[in-house]
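The structure appears below as structure tokens.
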Amino acid sequence: MVDPVDLLPGGTLDTGLLNTAVNTLVDGVNANAASMDVFFILFSGYLVFLMQTGFAMLTAGSVRTKNTKNVLLKNVLDACVGLVAYYLFGYAFAYGPSSNPFLGHSNWALSDNTQDFHVFFFQWTFAATAATIVSGSVAERTSFYAYLGYAFFLSGFVYPVVSHWVWGGGWLSDIFTVGAKDFAGDAVVHMVGGFAGLAGAVIVGPRIGRFDADGRVVPMPGHSATLCTLGTFILWFGWYGFNPGSTLGISNQSPDANYTATAARCAVTTTIAGAAAGVTTLIVIKLRDHIFDLLTILNGILAGLVAITGSCPWVEPYAALVIGIIGAFVYMGAAAALLALKIDDPLEAFPIHGATGLWGAIAVGFFAREQLLFQSGYGNDQGWQGVFYGGGGRLLAANLVMVVAIAGWTLFLIAPLFVVLNVVGQLRIPREMEIEGNDISKHGGEAYPPDAVITEEMLAQKTIDNLGMDESVRRDPSGEASAV
Amino acid sequence: MVDPVDLLPGGTLDTGLLNTAVNTLVDGVNANAASMDVFFILFSGYLVFLMQTGFAMLTAGSVRTKNTKNVLLKNVLDACVGLVAYYLFGYAFAYGPSSNPFLGHSNWALSDNTQDFHVFFFQWTFAATAATIVSGSVAERTSFYAYLGYAFFLSGFVYPVVSHWVWGGGWLSDIFTVGAKDFAGDAVVHMVGGFAGLAGAVIVGPRIGRFDADGRVVPMPGHSATLCTLGTFILWFGWYGFNPGSTLGISNQSPDANYTATAARCAVTTTIAGAAAGVTTLIVIKLRDHIFDLLTILNGILAGLVAITGSCPWVEPYAALVIGIIGAFVYMGAAAALLALKIDDPLEAFPIHGATGLWGAIAVGFFAREQLLFQSGYGNDQGWQGVFYGGGGRLLAANLVMVVAIAGWTLFLIAPLFVVLNVVGQLRIPREMEIEGNDISKHGGEAYPPDAVITEEMLAQKTIDNLGMDESVRRDPSGEASAV
Amino acid sequence: MVDPVDLLPGGTLDTGLLNTAVNTLVDGVNANAASMDVFFILFSGYLVFLMQTGFAMLTAGSVRTKNTKNVLLKNVLDACVGLVAYYLFGYAFAYGPSSNPFLGHSNWALSDNTQDFHVFFFQWTFAATAATIVSGSVAERTSFYAYLGYAFFLSGFVYPVVSHWVWGGGWLSDIFTVGAKDFAGDAVVHMVGGFAGLAGAVIVGPRIGRFDADGRVVPMPGHSATLCTLGTFILWFGWYGFNPGSTLGISNQSPDANYTATAARCAVTTTIAGAAAGVTTLIVIKLRDHIFDLLTILNGILAGLVAITGSCPWVEPYAALVIGIIGAFVYMGAAAALLALKIDDPLEAFPIHGATGLWGAIAVGFFAREQLLFQSGYGNDQGWQGVFYGGGGRLLAANLVMVVAIAGWTLFLIAPLFVVLNVVGQLRIPREMEIEGNDISKHGGEAYPPDAVITEEMLAQKTIDNLGMDESVRRDPSGEASAV
């Protein structure tokens, strides 16, 4: 609240008052912009957090009923365990004020007591996303302790270091002078999750029965296409926090940038790429398999959304269309390749997030426009842009280094972890448990307990003798006379 | 970011500096307002997009399991195919800068490269809503190609032209000087969807078994009341983007209008109308059918939300209550009428969106208050308001022309399309497929595959012989020793 | 929109113009801040409203299929009936401008026609939350009319009066000079719901079969862990409206407060407490029961979110961790105590909301920091803060009075209502209806009708004779020739 002022006390201009008033107004304008940006970041972060719900529903729908509680719990704990790891260590590694090109090393457990809590919140939601992606690749046969271990490790160290490299002022942020550019995290988030998932899927091995004796794929459908659709829609919705939110502000704070137009462009290109990839998948699968394949189309949409994540504010709408279409092909190709290699990735997390994330990071090098880089606040005066706009290969080269470095780093850290866990017999659940399902043996019962379902027979019987009632209740039931 | 300034360098006022500083502040204040409005429009659009999820869940829950994937896919593609159509043509027809009273004809595929991407995004979400409504009316027996055709046509042409008429400066926007007024689209969106759905439901005919040999209605319940409830709640939530978001800004940019108060009023009237309609339906159905009918109450709530959509910022809270209550009766009456006419609209999309949308558009002519029209930025100085506030019938007349024109336009374009598709045998799926369900024949299997459900018998058997396992996995299972 | 101005017409400074311009800018800055705050409150309110969806899904998943429609309808009507009650009376009791220390008594049905509709909207979503909590405690065996009665009473009177005491300038707001402090409503909202639920659960008695003849607990699992997870995630998401939204603004309007930092801190502490409680529950239940218990962990997360609700802007991150961990223990302890006392609270609403809400309200007295109270706009100059920061016991004492007063008030009003209903036989449904379930007898059929599920047998039969078809449809099926 800025107070009104009378600049003409006694009819003459009080210049001291004027100077103060104008600078108070300067503060007021800046304060409004700053508040608006925090508001924008918080609500964008809320949407990214909601993606946990989307992943949970998508994963649940994609597995068999016998493992439903197991995958749901893993998704829930990605948020919880990941938060603890990111709060204690991760944020410090990623954005600690004391830092070197490799990692940050201060502000442990938010101990610096700074006023950037909204930044912590937003960044945590991204860490949680990276961790969640992995759970899909290793679903239905991985030990719970192994899962807890890698979720903590990924959220607390693997991902934060990568985000420091690209977004926290680390070595990739200025490589080849132009710096690797990955707006909302195709390499930083999706590749980390997707490649960690790939390592897991390879090392833990396929689910029992996924490939038959001749190596042919045996269909192993999840238990609910409705949950998959719900999850995908929620993820799409959450992506509007993920991509436009990565503008990290909505006010036009800087004279060189237009954050408002940047965020709006992100919303549009994200939508176009997701929709285009969905339509592409629809057509290709219809031609190939002669069905309108809902589940593959859902994954195609997710692939389109991943594909545009790295470049969303820097490309034209038509380019978003192209990036999304190619993203759908990358996803379908990678999915086919995994099956040909007998790698079982139940959620297709590597094709969607790993392979398509890689494509999206590279697409920046082809489609980014200089003026849009400026507009997003990534500007510089050096004329670097995508190959297709005559920018030469420097941006592309920087991003190629980035994808190689991030894939390498992720595999380098995660693969040994999974291998060691496997060697000591702590990676995969026992065969009998896998056949029976995780839920009964580890989680106290089925996700959909038969006891909770009333059947025609039970009603036909109309007897209460087998209901195990408390005798006192039986003798004096409350409300017996109730009309309702 | 506005920089501080010293207006008194050397102790005396620098008037040139002052003039610049004050005008920089003017720019800063305006920029903050503009950024805030884009922020508001984007997030409102996100909520409207989420309504796709709501429709998907509501539709899925309202059909039988055998068609679940089919209806889910149609909902998914409303967003995807509709986006392609709206991006390529629709937005140009609706809001192209080059326009005539009938349609716009420029900015194809966003080629003008303007900075109004947030407007495109917001308007697309409305187009997707109109398209989605239709799918409910023709669910469970309509050809997939027919569906793809009308979704593309509706999103790319039918709806955009209507929106141009009322919101894009077309002929209805200034009819009878006052102009037809439909704030968030009772006629523009809901009637288009509802009447297109009616045409479809009539022409495609009822589902097999919906009416018995004597013409009596056979109950044909959907498979999940939970999904219907989830969908309805998500739609209600999304409506807060649809109605308050249609303020198209939240800052008080204009001296004559108060967008802030307008948006807040929309949120309240929307809530009141939806809740009042829900309670009304509860009471009426209890009195009529002697049950507390969850599914009808959910539809009643939706009818209340539709009813207030056209007038939400222009009416008093008590009027919202009345509009919602009448909306519930309109919905229930139209639903009964359809059944009496042996028209099978599985989602009751016409009663909810078509008939109640018509009521909502007309209600503007009765309940709109002049001062609230001013407040919403629709003001003029001519004293026009609703009949109940002494405004004469001019506003009502304009809106009556609007509903007739929009119903006529929609039926005029959509009915022939459906008739032609029917004549060439491309509208309705074959009888055998309808009985079997769409999912098995066209979508590669059931939404809830029995294979994905573990049963007591399977567990009792505890054998893996019939699991089609890969022999190599059987011989050397990973992690056999795992304790978890 | 502020217009540019030329302060130097003819080259000399027009001081009158300058004075006007500067004050116009003052108005513009303030208007932007005010609009932003309304925007923030509206969207926060939308999130809180979405919590209804979360409660509905959580409750549905926690009951048996035979009562699913019943609990869903109760959740739907919490919003609808609660809105009517809060609109007509509740808001006036809570925040009516004419008021005394006990209650407000003006602005019935928003009749004052003020511009605070966003406040009404936000406050209503809190009233709906309080009402919804109760429905979990009395699920599966309570009369529908009894439910309608207490929902109306709670939303229209019990809760509004409490909110007046603490937030509306009532007697608790300045008790012991410092005033009871409950930021987002641990006592005001969660305790009201939780204690009303406790009264209901005790008086209505346990569900048939919940305890066996020897008083041992019989497991009575709900029908879908997936719905429980969905509901919990949606609640967590909605909590970002509940807690940060309770800042009631995001701009830094006051020189003494920083609303922006306050809201951001709330988001972080809320996340930390929820996650910490989830991890705590994971570990404790694993140690105690030897399972990774998804459902208890979900409730643990909710308990963590409740625990931090009262103190979220006033505590350090480490304190949020501690408050969440203790909250998990309070929840688990209260849940065990209820079972030991043979009280059947199907959703554990009292342990989560009542007991943990009480803990959260008391935690304020231990962990609140003075500087953070100032920052949130609750500041004063008297040096009061939590016991752990040397603030003495005054704040703790005020909050202890608050929790006693609110628990007493709620029980004092609700318990007699339930007792009277019970005496006249209107509280509990008849025994036969309870065994059969509410849905078939009162709600027109099952939530998941067997008729809507296609079975292998039905498909194998491939006959339509038993489908009750309309003969006219049979003789001339539309689209028989369709290829799709």
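Labels for the chains are A, B and C, by order of writing; each one numbers its residues from 1.
Methods note: contacts are C-beta pairs under 8 Å (C-beta built on N, C-alpha and C of every residue); 3 or more make two chains touch, one makes a residue touch a chain.
The structure presented is a predicted model; accordingly, all values stated were derived computationally and were not measured.
S.K.: Would the interface of subunit A with subunit C count as same or different, where same needs over half of all numbers used to appear in both copies?
M.R.: Interface between subunit A and subunit C is built from largely different residues.
S.K.: State the superposition rotation angle between the two copies subunit A and subunit B, fitting on C-alpha atoms only and giving a multiple of 5 degrees from 0 to 180.
M.R.: 120
S.K.: Distance-wise, how many Å sit between the C-alpha centres of subunit A and subunit C, to the nearest whole number?
M.R.: 27
S.K.: Could you list the positions in subunit C whose residues touch two or more of the other chains?
M.R.: In subunit C, 13, 18, 22, 25, 29, 32, 36, 39, 43, 144, 224, 230, 442 touch at least two other chains.
S.K.: Under the definition above, what is the set of subunit B residues touching subunit A in their complex?
M.R.: 1-8, 12-13, 18, 21-22, 25, 28-29, 31-32, 34-36, 38-39, 42-43, 45-46, 49-50, 52-53, 56-57, 60, 68-69, 72-73, 75-77, 79-81, 83-84, 87, 109-110, 113, 115, 117-118, 120-121, 124, 144, 224, 227, 230, 442-445, 447-449, 451-454, 456, 459, 462, 464, 467-471, 473-474, 477-484
S.K.: So in the complex, which bits of subunit A are touching subunit B?
M.R.: Residues in contact with subunit B: 13, 15-16, 18-19, 22-23, 25-27, 29-30, 32-33, 36, 39-40, 43, 47, 63-66, 143-146, 204-206, 208-213, 215, 218-226, 229-230, 232-234, 236-237, 240, 244, 250-255, 258-261, 263-265, 267-268, 271-272, 274-276, 278-279, 282, 289, 291-294, 297-298, 301, 316-318, 321, 342, 422, 425-432, 435-437, 440, 442, 446, 450.
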